[in-house]
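In what comes next, chain A is part of two complexes: it sits with chain B in the first one and with chain C in the second one.
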Partner chain A sequence: MLQISALHSHYGLSHVIQGIDIEAAPGEVIGIFGRNGVGKTTLLKTIAGWVKPSQGAIRLGGEALDGLTPDRICHAGVGFVPEDRRIFPGLTVEENLSLGLLQVKGRSSRDEKRVVEGIYDRFHRLGERRHQLGTTLSGGEQQMLAMARVMVGKPRLVLIDEPSEGLAPMIVAEIFAIVRELREQGAIILLVEQNIHEALSVADRFHVVERGQIVFSGEAENAGDRERLLKLIAV
Partner chain B sequence: MHDRLTQSMRASHLLALLFVLASLGLAAIGAVTGDTFYLRLGTEALIFAGLALSVDLLLGYSGALSLGQALYFGIGAYVSALTLMKVPSFWLAMAAAFAASLLAAIIGGLIANRVRGVYFALITFGLAQVFAKVVYNTRELGASDGMIGIPVIEIGFGPFSVSAGSPVGFFLVVLSIIMGLYALTAYLLDTPFGRVLTALKANEKRVPFLGYSVWRARMAAYVLAGLIAGLSGALYPMLRGFVSPELMFFATSGNAVISVILGGVGTLIGAIYGSVLLVILKSIIGSWTEHHLIVIGALFMVCVMFLPKGLIGFVRPRIEALLMRRPQAGPALAEPARLTPAALKSGSAS
Partner chain C sequence: MTAIDYLQFVLAPQVVNGLALGVAVVLVALGLTIIFGMLDVINMSHGEFYAIGAYAALALAAAGVGFWFLLVLVPVLMIPLGMAAERLLIRPVFGSKDRHVTTLLVTFGLGLIVEDVLKIIFGANTQRPPTPIPGASEMFGIILPNYRLFLILVGAAIVLGVAYVVYRTRLGAMVRAAAFDRNMAASLGVPVSLVYAGTFAFGVGLAGLAGVLLAPIYSVFPTMGRDFILLAFTVVIVGGMGSIWGAVVAGLLLTQVQALASLVISPVWTDPIVFGTMVAFLVFRPQGLFGRLGHA
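Right, the complex of A and B next:
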């Protein structure tokens, strides 16, 4: 269970997140929507430990995450796929994946090989390119690698920021198929996405953020809620 | 996993094997001809190769340029000398140097790892200079003259023993230790720890996303490098019979950095080749002219301009290419493929 209560965070003097409350159960996908600059990415960065919360609490499975360093939050089971993907361009696909396994405690090299081979079975393109440097991958492949690297760590909470940005529609469909898989594995997913229609196809619930606050929450399946959402963000 | 780093390591191991064979050849020639000069020179080159190895671990793998690595080399040398003057035991001297350089590296790491980039270089430089000046002015440590009269010791290996005064025997002991340190470092860099260091060099800010503490990884690399430098330094008084504050001066640290650049940054074995090359150059050119540093400086600039990846950086990719052609090396690099609906359908989107 993810419980975020009265969360505030600042960038210097700028009060970006102004009291956000979110609750999510395992296997739930929560869409976070809003216009540019309202604090969606900052919210994810605050949960991941990149921005220190100035107030409020973040708990995952009863464990407090607020105030922890990013590496400890990652060890607590939080995977973050940031907007710019953040793969290591100078390392190969395989090296990038093996870095994702570092957070898995008590792994053996046999486990490591099995997990990585499982990823290659799922993402054939990554398998074909296992010895290629990250810098030679296309945008879609980089996004898959970033998501695969999070998947190997079997996180309990996955934070995904704009996964479809700059990608072709067919790739976007593939990326959202991965989000569904993560959900089926029981992970909680917070999904920040501008592609509302695609995001609503995987989300269970959503929140609309404006000026660092949640101004509307709804069910993805509820037609009325969807209509209100589209009005709020003027799509 | 036979990935790119492992291939690089395998290529480096072949070059290491070649180095050991060449060294054994030198030892054999020295034993037959009764040569002392070249074996002593070779031993000194190997000792400084240990220092260069420690610089390469930091510079080549975690991207941190240390301009004061001679600090730990000097601490190892002085502690070894002090121990040998009290108890002439090789193993005790090595253990004492290990403990002292470990402690010093932890303290130095706590100070230096607070900053990055050029500030890290300046802090490591400053730490070494401050410590060198303290030693330089401490009468109990021989002050500017250093410490002389370190006894020639017998190095016991169970039923066998080798005298530090034997050029061939001590050369082989030093060769074993330095190559052992190389092997240990290469092994550690081939583990997930090595991957983290490589990731640190590539982009430090991304590492915490993987659940790894940047500070801890940098400290581990710094302390390991300090230990390697300290253990290498511990061998110096056994070879020369004296230690002096110059061992901690910037020239010593600078030579180690030059050795790494000559041999190839981030190659490990390059540091060893580079150190040997530098010692040979200094010796040969020094016999022609007293202005040998001018010549070495010019050669260094030529090397940086025309061999920016160093000697091993130039040779190793060719060996790697040969290794990659072998069937067990896995599939060849795939060409970037175009995005096709068929590829997507098969779950291999690009």
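Right, the complex of A and C next:
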């Protein structure tokens, strides 16, 4: 269970997240939508601990995450796939993946190997390029690696920021297939996405953010809610 | 003097002496460049940590500890010192905007304090520990001091060991990742604060080890870190700030240039050549020879 309540955060004096409440249960995909600059990325960064919340609470399975450092938040079961993927350019594909393994403590190296082999079976292109540096991957491959890197840690909550940005439609479909897999593993997913159509195909519910606040919440299946969403997002 | 004589009695010993100095400089520069690559901190007290290592070896040797044991003991003792310095002096100012200047000044101040403390405790006189491995060996008709040969071998082993850990292990991947992108590394579970402190302490330990190894050759005095650190900084700049292989290549090349130049021109010109190289790099290739730790 994820419970975010009355969350606020700042960049210096600028008040970006202005009181956000979100609840989600395991296996739920929550879409976070909104125009440019409303604070979607900042919301994810605040949950991940990159930006310290100035007020409010974040709880995952009863454990308080607010105020913890990003590595503690990771170990509490939060995986983060940030915008721009943030693949380490000086690390190989395999080394990038091996860092994801750190999220789970006390796994034997045989188990770890099995998990990584599973990823290579699932993503052939990563397997073929396992010894190449992260920088040599295409945008789509980097996005897959960023998602796979989080997958190997078996997170309970996954934060994904605009995974389809700059990718060809075929790759986008693959990326959303991965989101579905994560959901099937029972993770809670907060998905920030500009590609509303694709996002609604995986999301159960969604929130629309404006100036750091949720102004509308709806169900992905509900036609009325979808219409309202498109109106709010339209520029 | 025939050409063979020249090779045997002048050129070859000079190359080996240059190599020994090169290895020595690389050991000091290695800690400096790793700390910079990781924390973006220019550790101005690095030379004084090198001096602390040398004095610790001197004091412990006087207390009866053998040289071989010192090689392990001193670096191990330096690690908590490095941890403390990182925790007390670097971390509190790490989040501030002008931390580059602040950490530079703070570590510079620390270096001055250490120099004075060493002077108070051990006096200002130069001391020279006995050579741990006396004698010389003949190879291909060239006579070479044993201790310098030992230094070259140990230095090479340390450099290879460090490179192995950094480039071939999971710990090394964590270090490179944290050096490149602190937040992302942390969000994958890398304990970045610990990695930062550990890297700083490891660099300090390397400086201490260099102090133990070099004391028998270059003597021990409170300001011993100063001369050496200038050369080490040059090596780090030419090799590429934060690059391990850069420090190695630049360290060996510059000391050879120094050694060989002094055969053909007056030794007063070796410093201008070495530091001129540094200035030329800063102007024409500020990124140095090699890329930074964690960067492709």
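Please note the rule applied: the second predicted complex is superposed on the first by the 234 of 235 C-alpha atoms of A that agree within 3 Å, B and C clash if a C-alpha of one lies under 4 Å from a C-alpha of the other, contacts with A are read in each partner's own complex, and residues count from 1 in each chain.
Assume contacts are C-beta pairs under 8 Å (C-beta built on N, C-alpha and C of every residue); 3 or more make two chains touch, one makes a residue touch a chain.
Keep in mind that this is a model prediction, so the values were computed, not measured.
Under the clash rule set out above, the superposition-derived model of chain A with chain B and chain C contains a clash between the two partners.
In the superposed pair of complexes, A:144 makes contact with chain B only, with no contact to chain C. With both structures placed on the common chain, the touch criterion links A:98 to chain B and to chain C. In the superposition on chain A, A:135 makes contact with chain C only, not with chain B.
By the touch criterion defined above, A:170 reaches chain B but does not reach chain C. By the touch criterion stated above, A:207 is placed in contact with neither chain B nor chain C. Put chain B and chain C next to each other and count what each touches on chain A; the higher total goes to B.
With both structures placed on the common chain, the touch criterion links A:183 to neither chain B nor chain C. In the overlay built on the shared chain, the residue A:124 is in contact with chain B alone; chain C does not reach it. Judged by the touch definition given at the top, the superposed model places A:153 against both chain B and chain C.
Residue overlap on chain A between its contacts with chain B in one complex and with chain C in the other: 48-49, 69-71, 74-75, 80, 82, 86, 88-91, 95, 98-100, 102-103, 133, 149, 153. Interface of chain B with chain A (complex): residues 1, 3-5, 192, 195-196, 198-199, 202-203, 206-214, 330-334, 336-337, 339, 341, 343-344, 346-350.
Chain A meets chain B in the complex at residues 48-49, 69-72, 74-75, 80, 82, 86, 88-92, 94-95, 98-103, 112-113, 116, 122-125, 128-133, 136, 138, 140-141, 144, 149, 153, 168, 170-171, 173-174. Of all residues in chain C, only 170, 173-174, 176-177, 180-181, 183-193, 291, 293-296 touch chain A in the complex they form. Contact residues of chain A toward chain C in the complex are 48-50, 69-71, 73-75, 78-80, 82, 86, 88-91, 95, 98-100, 102-103, 133-135, 149, 153.
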